[in-house]
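Read through the structure below, which is laid out as C-alpha cells, and then see the notes.
Chain lettering (A, B, C, D, E and F) follows the sequence in which the chains are written, and residue indices restart at 1 in each chain.
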Amino acid sequence: MPISARNKLRGKIEELQLGDVMAHVVVRVGDNLIESVITRRSADELKLKKGDTVSAVVKATEVMIQKD
Amino acid sequence: MPISARNKLRGKIEELQLGDVMAHVVVRVGDNLIESVITRRSADELKLKKGDTVSAVVKATEVMIQKD
Amino acid sequence: MPISARNKLRGKIEELQLGDVMAHVVVRVGDNLIESVITRRSADELKLKKGDTVSAVVKATEVMIQKD
Amino acid sequence: MPISARNKLRGKIEELQLGDVMAHVVVRVGDNLIESVITRRSADELKLKKGDTVSAVVKATEVMIQKD
Amino acid sequence: MPISARNKLRGKIEELQLGDVMAHVVVRVGDNLIESVITRRSADELKLKKGDTVSAVVKATEVMIQKD
Amino acid sequence: MPISARNKLRGKIEELQLGDVMAHVVVRVGDNLIESVITRRSADELKLKKGDTVSAVVKATEVMIQKD
C-alpha cells in the first residue's frame, strides 16, 4: 500500500522516550540520527522498542532547505 | 544561529524543478534521496542549483514512524 | 507495514487536478470531502485517477480542533 | 470568519487526554475516529470535554494519499 | 467558533500570486511580512485580494525557535 | 546559513513551560504573542530561558489565511 509521502528513511531505533501524550523516537539512518515525535499511543500500539527496524516517513512539503 | 528543528541532513542537490509557486528539490544524503517542496521564491532567493551543498531540515513533529 | 499516523480515512477519489509541481486530490469519505495536496510526482507514480479507492492519511499533530 | 484550511470534519469528542504540554483528542466523525494532538492550553481555553460538538480542521498540504 | 491554533496574526494582504494548484499570499503584520502558501481554490473561494484584512493562522506545533 | 522557511519573527521569550517530551514557548513579537511547541530536548540544548532574543520560524506551507 504505497503512500504519497516521498521520504522514507530506513534505520534502527536507537532511543525511545515515552511521555504522557507524546513519545520521542531517535532512529539511526546511515550516518544520521533522525528524530521523531509521535503520539504515545502510536508508540504503544506499534510496540516500538530499541533495535526495531523502522522507516522515518516525511511528506515533502515538511522539508526545508538550508544553504551552507 | 541554532534552530530547534532536530533534523538536518547534509547533502547535494541532485535535481531542481521550478514551478509557478512551488519548487521541487531532490537532495542526495548518503544512500538516500530526500525530496522537498519549498516556495519558488525561496528557491530563487537562495539561488539553489544542481550540485549545491545544502541541508534538508525537518521539525521532529513532522516525522512519522513506519514499522517494517 | 503499519505507520504511526493516526488518521486513515478510506474513500474514493472524486477529483484530481495536476499542476506543475503539486496536485490537488479530492477524496469522498462518507459524507465528507477530504482535500489533499501532494506532489505531482507522487500523483504520477501512484497513477492516481478518479474512482480509485485510497486512504487520506493525516498525522495527529496536524489536526486542529474548532469549537462550534 | 472562513479559513483557508480545506478540511473541516464535524463530530463529537469521544475521548480527551490531558498531558503536561499537549492534549490528545479523539473525535467521532461518522464511521471514523479522528485523532488530534493540540496544546494543553488550547484544550483548557476551549474548555473541551467529552460529548462536545467540534470540527477537526486540517490544511490540505498535511493530507497524504495512500493507495489500496 | 474558536479554533485550537494558537497563532492568529492580523494584517493586510500586500501581495497575492495565483499558481495552478497553489497560491502565495504575503500579509503585512506590523513590521513583519508573513508569507503563506494555500490552495488556489481557497484563494478563489475566499476571494482574496490585495488590501484585504486577514489573519495568518498557525498551529503551535509548526513554529520552530531559532536562537540569535 | 539561510533557510528556505519564509517566516522569521524576531522577539523575546516571555514564557517557557517544560514538559516531559515537549516544551511550550511564548515569544513576544511586537504586539503579538507567538506560541511554539518544540521538543524538550531542543529547549534544553538551546538553553532557552525567559528574556532570550529568538526568532519564531515558520514554513509558508504551514500558514493558513482566515478572512475577517
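Observations
Here is the rule we use: contacts are C-beta pairs under 8 Å (C-beta built on N, C-alpha and C of every residue); 3 or more make two chains touch, one makes a residue touch a chain.
What you see is a predicted model; the values in this text were computed from it and never measured.
For the pair chain D and chain E, chains touching both partners: C, F. The minimum number of touch steps linking chain C to chain F comes to 2.
When chain centres are defined as mean Cα coordinates, F lies farthest from chain C. Rounded to a whole number, the gap between the C-alpha centres of chain A and chain D is 22 angstrom. Each chain gets a centre from the mean of its Cα atoms; for chain C and chain D, those two points are 17 Å apart.
In chain C, the residues touching two or more other chains are 1-6, 19-22, 24, 35-39, 41-43, 46, 55, 57, 59-62, 64-68. Here, these are the chain pairs in contact: A-B, A-C, A-D, A-F, B-C, B-E, B-F, C-D, C-E, D-E, D-F, E-F. Taken in their complex, chain E has these residues touching chain B: 17, 19-24, 35, 37, 61-62, 64-68. Residues of chain E that touch chain F in their complex: 5-10, 24-25, 27, 29-32, 34-38, 42-43, 46, 48, 52-68.
If you check the complex, the residues on chain A that touch chain C are 1-6, 36-39, 41-43, 45-46, 55, 57, 59-61. Against chain F, the residues of chain D that register as touching in their complex are 1-5, 19-22, 39-41, 59, 61.
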